[in-house]
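Naming follows writing order (A, B, C and D), and every chain is counted from residue 1.
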Amino acid sequence: MTTIGTPPKDYLLAVEALTVSFDGFKAVNDLSFYVDENEIRVIIGPNGAGKTTVLDLICGKTKATAGSIRFRGAELTKMSESQIVLSGVGRKFQTPSIYDDLTIFENLEISYPKGRSVWGALTFKRDQAVRDRVEEVSEIIFLKDKLHERAAFLSHGQKQWLEIGMLLIQDPELLMLDEPVAGMSVSERIKTAELLNTIIKNRSVLVIEHDMKFVEDIAHKVTVLHQGKILSEGSMQKVKTDPKVVEVYLGH
Amino acid sequence: MLGDYSLGDLGAIFAMQGFAGLILFSVYVLMALGLAIIFGQMGVINMAHGEFMILGAYVTYFCSEFFQAQLPSLFPAYFFVAMALAFVASGALGMLVEWTLIKRLYKRPLDTLLATWGLSLILQQTYRSVFGPREVGVVLPDWLLGSLPVTDVIEVPINGVFVMCLTTLITVTVALLMYKSRWGQQVRAVVQNRVMAGAVGIDTEKVDRLTFGLGCGIAGVAGSAFTMIGSTGPTSGQLYIVDTFLIVVFGGATSLLGTIASAFSISQTQSTLEFFLSGSMAKVITLLTVVAILMLRPQGLFTLKVRR
Amino acid sequence: MSRDDKTGFHSPLRRKLLMGMAAAPFAGMMPKTAFAQTPATAAVNTTGLAVTDTEVTVGILHSATGTMAISETGSIQAEKLAIAQINEMGGVLGRKIKFIQEDGASDWPTFAEKAKKLLVQDKVAAIMGCWTSASRKAVLPVIEQYNGMLYYPTFYEGLEQSKNVIYTGQEATQQILESINWVVKEKGAKTFYFIGSDYIWPRTSNKIARKHIENHLTGTKVVGEEYFPLGHTQFNSVINKLKLTKPDVIFTDVVGGSNVAFYKQLKAAGINLEKQTLITISVTEDEIDGIGGDNIAGAYSCMKYFQSLDNPNNKEFVAAFKKMWGEKTVIGDVTQAAYLGPWIWKMTVEKAGSFDVDKIAVASEGIEFTKAPEGYVKVHANHHLWSKTRIGLAQKDGQFKVVYESPELIEPNPFPKGYQ
Amino acid sequence: MKTAPSFLNRRDMLALAVVAALLLIVFPALLDGFRLNLVGKYLTYAFVAVGLVLCWGYGGILSLGQGVFFALGGYGMAMYLKLEASSVENTKIQSTPGIPDFMDWNQITELPYFWQPFHSLPLTILLIILVPAFFAFVIGSAMFKRRVSGVYFAIITQAIAAIATILIIGQQGYTGGVNGITDLRTLHGWDIRTDSAKFILYFVNVVLLLSVVGLALFVRASKLGRILVAMREKEDRVRFSGYSVANFQIFVFCLAGVFAALGGAMFTLQVGFMSPSLVGIVPSIEMVIFTAVGGRMSLFGAIYGTLAVNFAKTSLSESFPELWLLGLGGLFIAVVLAFPNGLAGIWNDYVQPPIDRALKLRPKHQGDDVAKQAASTAPAE
């Protein structure tokens, strides 16, 4: 777990010279950026810019061709997905990824950070602490009264909330959200923004989002990706006025 | 083992074994090609593939009987008629099966496995009831028999050459069909995105049915060709199914080139091993090697790396 | 009996058999023919078998489905024919034979299950059945435990003997030794190449052949021995080896569908059986049906029976068989042996004057069947048949021309000394 | 509160009681020795089916090679019994007395090293459990760690079944070849061939099967059971919730393998021999259909499915052998097309609701819930 050449500052997440290529096509090309503790970073960019791939690389879903990703000084590119999760990274997928055949309670319970080994899962006890925590989270995600219903019967927005809840119960230090409000109704969107504002406290968050209004609401810092590279980085205000960004967005 | 043979003999061994391997290779390609289309392109696991082959073999048997009895003068050419009919018969049955059974199961690949296994049992019993439990002997025209002597030891069996030519022809046709024709484009479009293909006006149901029919039709031709070297009975089809699937999977499933490469490596391995080991052990070692490689490289020999 | 004492029985079996022997003279006093009168059921059936005043039930246990159905169909047909003929003649001890047919489905545990069902539930007086060694091995403990009687038709590897089984086919030495002697004498063969399917019968048969070639003949040797999995269809490699080693004789015991592939590929590779001597102990007329006469013409097969045997009994049998099962059916060695089963059982029952299995087991020795299609046969004390061995030359029409017949009946010797 | 962690809810307990009563009381009372032994034989396949419910129904891993594990157990037991039956006394007519007869026929003069442990019963029992578990672990580690699943896993396990058959038949000096290991007599001096022994073995078999079902119920009710369902649906979600998906798959595959091996061992004891005809592709896939007929998500269904298919097979093949294959083939297709949840699905859809209403059982219990609700949404794999 030793790292050569510590970053200039003790960042929570340090992505350096990250590259991945699919049969010669470089989806992410020599990408570097850093995320501070308790920072909310939004990644924007046109379609095909490599946003989702960056999240895939961080959480280990895709293996990097070159470069490094350090989280609290530990090299993530060498870890398995579950190790990455255990070290404190959580990921929400673009389309709601929940277990239709299980109840809301069971969905949340699976993300409860205990009994994650085979033996642990066999001997896992649903004690008061688990129940309390599940109820607590279900309240946050507006699903308390549906705890024992099957997740399949939830609406699209509720499924998104459920997945966010599953991450919340997991309590990651770095939370990655892929388009959390996509496909939501206006009222759901408002509720979701409220929800996100609650859960981003005391952790770093990496969000991919297209909805500029939403981005402006929550972002501390924005990174603009284009063709696998950083086009611009900084505050929303700065990025918005960056001529390169304007060109790319208008060009598309 | 090698010490028992002289240098000249060894040369002959390698030449002949190489050729034996080529014949096996052609046979494997014929077997696997139909499956590569059905499994690789459509994702359907057709466990009844062997039974479609045997249908082709039975068609050939009937042609040989018919020509012998009714058109003895045309007998030398009957095999071509038989192959065409085998293609039509197996293809038609395939389309029927697609329409009644497979159509409902595209989203459940493992269930196609079970359903087609059931189908294979039904077909076997049907063959048994209709054609009898015994193997039938297919009489070949004289020109397909015998061999061409190359040296005094090396002789090239004519039906082996015939199978090789046939395989080449079918492979080229299929490749052209899949990669050059408009229909092939549609097939690949449906494979990659069924919904989108449907949206841009491709009749996906028709494409599916034709693709499945084509795969089964090729199986029928393979069965027809196999009457030259193998047996034809109600359960003969089962002999081929494991080998065939392994070839397709080993080749990387979606790639025709992969199927060919895989058939080549498996046939050459088996043919070479067979010379030095007993037939049983050669088979075991070949299969084990394939399984071991698949465990280490599950995507098979040829595959595209894509973002998942 | 002396040979068996040294080599034959497991001890409990021998004890039972010896006990049975003591009863034999007693059985001999019973009436030998039953055409005239019908003895009381209580007298002829003391063990609760399915025997009524008018009927006696036997079982037929073969594979009607699965891979073995190809081979076993002929046996089923022959047994049904024999039963029909016996019934036409008045049955056994005045009782018509009724049969219950069970399907072993080419699956050995199923054979055991069905054998048990026939014995325990149906109480059959005898079972005509099994084909492969594996099915017989599975059935044997059941037959012995419930004291049934099995008539087993297939030529097989020997190394077995049971009071509850009559082996109507040949054991390996009967079939093999004569053929090897013949080919050495007639063809001046010096070198042999063995090719077989990979299971016990070919391996044991080849072992016997090898011992005979190496130890009992002079100047002869085995230059190759190859086994292929059951169902194997690619023989090009071994054919190449044949071309290199050029053996005087190819000696094969390949079975099932593999046979078809083997002979087709042999022919395609340019090995002309008119010039290259090939002896098989596994190809009967049944197999030629699938192989095609053209592909195997010129090969020698070594069997005790060929459909073309020229004797009045056989002509009658072939005619009756074709009348019952169709003009196109062919009759192989095992089919004929299966036909013997019901007849030998009938004669034994009549000799013993009883359906009781213990009495039949004892009375079997010395039963003579003069009207057997293959010619006179006799049951040996070891429950195998004395029989002649013949060599047939395969013809294009799928029949064999008999080129040799052993002058004497060959004694069955399931535990051959010096061949194990 | 419905979240009590007890692994036997009321409905499971009722189902267990019913199946126990059926197997332990009704069958022995109604069936004669022969039929009871037959049921005993069928029930050994139910071990495999129960394993497949966990592995395939819950875990989504379809193994077409369960016959291999069945064989590992069956052959393990057969090797022990064969050695006991091959005492020097019993085999004195052989050229090498004291070794199994088929070895003698194959000119083997010394007991192979891997037969040696099977002289001891405790070691044999240990190996019957450990060898399949190890074997499943090796296959599972190799495949699941590389994310091989679904169709590919099915085909590879099928190939393994084919290889195992060729190997067993080809190495007949060590395995008994195509004949299998036959003529087994006593278990630690106890004659297993007698009717009374078969009667006792039937009960041993049933009790063992019920224990296995109990264990499976426990697994299903544990969080592991829910993780299996979760994995089958959204493998990545589970992975990114911090679970090593491969380890869970390996575990459930090993468990199914051990269950199958136990069934195999009981098969040998009750039937009296072990043969390669139970190893290959056909028996392996038949065991899958037992599971599918019972309902791939139902542990009790596995038992009923196995019994139903085998009773049908026996009775149909007794009277109409030709119809049997057509029937079996039709059954495969019908189960897949019309009843993806098998007998359990039919039960849950048509029989259970009225019973529930009658008994006023509240229908919400986790395990059954899953099976029941899955019935309406036909799982993808």
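Observations on the model:
Assume contacts are C-beta pairs under 8 Å (C-beta built on N, C-alpha and C of every residue); 3 or more make two chains touch, one makes a residue touch a chain.
Here's who's who by UniProt: A = ABC transporter ATP-binding protein; B = Branched-chain amino acid ABC transporter permease; C = Urea ABC transporter substrate-binding protein; D = ABC transporter permease.
The structure presented is a predicted model; accordingly, all values stated were derived computationally and were not measured.
Listed by label, the chains touching chain A and chain B alike are D. Of all the chains shown, the one with its CA centroid nearest the global CA centroid is D. For chain D, the chain whose average C-alpha position is most distant is A. Inter-chain centre distance (chain A to chain C, centres taken as mean C-alpha positions): 75 Å. Averaged Cα coordinates give chain B a centre that lies 33 Å from the centre of chain D. Centre-to-centre spacing of chain B and chain C amounts to 38 Å, using the average Cα coordinate of each chain.
Per-chain CA centroids place chain A at a distance of 43 Å from chain D.
Touching two or more other chains at once are residues 166, 169-170, 322, 325 of chain D.
Residue positions of chain B touching 2 or more other chains, listed in rising order: 125, 128, 278, 280, 283.
Annotation for chain C: residues 64-65, 198, 227, 229 touch two or more other chains. The touching residues of chain B, counted against chain D in their complex, run 43, 45, 101, 104-105, 107-111, 113-115, 117-126, 128-129, 238, 241-242, 245-246, 249, 278, 280-281, 283-284, 287-288, 290-291, 294-296, 298.
Considering their complex, residues 32-34, 37-38, 41, 90, 93, 95, 101-102, 104-107, 166, 169-170, 172, 177-180, 182-184, 193, 271-273, 275, 277-278, 314, 317-318, 321-322, 324-325 of chain D touch chain C. Put simply, chain D touches chain B in their complex at residues 62, 64, 139, 142-143, 146-148, 150-152, 154-156, 158-160, 162-163, 166-167, 169-170, 281, 285, 288-289, 292, 322, 325-326, 328-333, 335-337, 340, 378, 380-381.
Only residues 59, 61, 80-82, 85-86, 90-91, 93, 97-103, 105-107, 109-111, 113, 115-118, 121-126, 131, 148, 150, 152, 163, 166, 170 of chain A touch chain D when the two sit together in their complex. Interface residues of chain C facing chain D in the complex, by the touch rule stated above, are 7-8, 10, 64-65, 102-103, 105, 107-110, 112-113, 116-117, 120-121, 132-134, 137-138, 140-142, 145, 157, 159, 198-200, 203-204, 207, 227, 229-230, 415, 420.
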